[in-house]
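First up is the structure itself, then whatever we jot down about it.
Labels for the chains are A, B, C and D, by order of writing; each one numbers its residues from 1.
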Amino acid sequence: MSHQHQDLFENRKQFQLERLILFSDAVFAIAITLLVIEIKVPELHEPVGNALKEALSHKFPEFFGFVLSFAVIGQFWVQHHRLFGYVNNYDNKLLWLNLHMLFWTVLVPFSSSLNSRYGNMDTVWMWYRSRICMIALAMYFLWRYIGHPKRTLTLMAEDPLLT
Amino acid sequence: MSHQHQDLFENRKQFQLERLILFSDAVFAIAITLLVIEIKVPELHEPVGNALKEALSHKFPEFFGFVLSFAVIGQFWVQHHRLFGYVNNYDNKLLWLNLHMLFWTVLVPFSSSLNSRYGNMDTVWMWYRSRICMIALAMYFLWRYIGHPKRTLTLMAEDPLLT
Amino acid sequence: MSHQHQDLFENRKQFQLERLILFSDAVFAIAITLLVIEIKVPELHEPVGNALKEALSHKFPEFFGFVLSFAVIGQFWVQHHRLFGYVNNYDNKLLWLNLHMLFWTVLVPFSSSLNSRYGNMDTVWMWYRSRICMIALAMYFLWRYIGHPKRTLTLMAEDPLLT
Amino acid sequence: MSHQHQDLFENRKQFQLERLILFSDAVFAIAITLLVIEIKVPELHEPVGNALKEALSHKFPEFFGFVLSFAVIGQFWVQHHRLFGYVNNYDNKLLWLNLHMLFWTVLVPFSSSLNSRYGNMDTVWMWYRSRICMIALAMYFLWRYIGHPKRTLTLMAEDPLLT
């Protein structure tokens, strides 16, 4: 294989990894934006300022749920951003572990709207928290898989000073 | 044409290909996230824990349909990811074959919600399976077009040892 | 300015252009996927196979509208892909001309659902066609702006053999 | 650390920054496209051309709100595009400041649909304008953080002629 050919392969591999990351970002971005769809504009019987103010204040749990879920997804995105800053390679299992993490992320808008609707019930909070825990767990699987010294997925793994 | 100019053209061509791939990824990402929109928060007459648990357990077919469709789209994304790892060039027909594949992918959220609503009916399963088959078929067209030795769309095609 | 610094500036400029393109792609991708949201799962009084088949066959205009709008947006995406293959630079006016084109593209899902609902009415076809014409017109403005020999937005403009 | 290794780290850092930018773009793109979802196809009692024309003309405030919000988000995107053209590095606080800005952007579709529904009420305009101001404020925080001479986030900060 010529040297230039090797370069092409190397660039392609890098792009394949970047594709994995940008696909995850797209899913994060859509999940975080869909949260706002769940907040419906209130229906007013008579369109007066006070009625609207009251209707909006009744929506406070929904807004709170929106802020909370936005922070949760945002925080996982930051974590994913940091994690993949170390990654320099990919394999098939990494793709699926990442999809597994995205699966739980995609469920957040549903859990969030359940939460803002019936937030006073214990069952809902348990459901909501267990969903968040699943993302955290999936993220942990990613960390463990990526950080494993036997695999050469990271920049550091190549660094003899670090391993 | 100067050497630097040639480089610019080469970079541009690479980016045009990457654009095709990232556009597909965006469509995949939206289709996979829209699946969750179809799961509506249940309406409860009285907001009690047991009523909610029952309502959620009635939603089991919807959750199952969601997991199934997520796995289906995820699997096609992994396949698309692998396939385009070999691609090194593009032409107009490739753009349209790819759009054709995306067309059937975009239909999945509709088929999925049909499935979770009337999943006990034979007609629906037939519809659902035929839609999935269409994605698989479109993906096969892509493989065949890309892998054809006459065209120089892949890295391997340039490799004299492989063709 | 050092040579390395110059390189950084050049890379940044290229990325700024790629960002413009990928942002457009994201909007195209969302618009093309939102089309399917407009097709609602039919409500059946009794869930029998024949009733569903009939309900789905009543939805034929919606499916036709979906296919049509998918093809329209897909075709504009292919055109945009070809057009920006020549572009090598950007300025503020290009950003706004591009946003103008995206504005009309974003309207397609609404026009499409109007079309599939009241497609037998002349007013609706006129509205639909006029919206498509607006995208075409906006795309033409982009071509004219980018292709203008006075501006140096394209690779070709730099090529003395071509201008 | 070898020279090649250094290059890899440098490329990775650049990609991490690009990822931050493309994630923002995805959120901008979704927020700008969701605006059109808020415009519902009118329900007509009898599908006649005149009834539709009248129904659409009643929707004028919604269209106006759509155009306004599209322009607002578009303008903030152009501003974000210009701002990050200078950025050459990132840190954790930049990620969060950017997420903060995206939070207010994501709220625009809700504010916009509130506006187009009850646009004649003072409360709504106040709400709408205050939301837009929050994006502007968050954008200002980003400018101030990025432009600060103490931090080395920008290309210019490295340029001894400019600082």
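In this section, a residue touches a chain if its C-beta (ideal position, glycine included) is under 8 Å from a C-beta of that chain, and two chains touch if they have at least 3 such contacts.
Values in this document were obtained by computation on a predicted structure and should not be read as measured data.
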{"item": "Relative to subunit A, chain with the most remote C-alpha centre", "value": "C"}
{"item": "Inter-copy rotation, subunit A to subunit B, in degrees (Cα atoms; steps of 5)", "value": "90"}
{"item": "Between subunit D and subunit A, distance of the C-alpha-averaged centres to the nearest whole Å", "value": "19"}
{"item": "Computed distance of Cα centres, subunit D from subunit B, in Å", "value": "27"}
{"item": "Contacts with 2+ other chains: residues of subunit D", "value": "22, 26, 30, 37"}
{"item": "Partner subunit C, residues of subunit B touching it in the complex", "value": "1, 5, 8-9, 11-13, 15-16, 19-20, 22-23, 26-27, 30-31, 34, 37, 92, 95-96, 99, 102-103, 106-107, 109-110, 113-114, 117-118, 120-124, 127"}
{"item": "Of subunit C, residues touching subunit B in the complex", "value": "14, 18, 21-22, 25-26, 28-30, 32-33, 35-37, 39, 41, 44, 47-49, 52-53, 56, 67, 70, 74, 77-78, 81, 84-85, 88, 155, 158-159"}
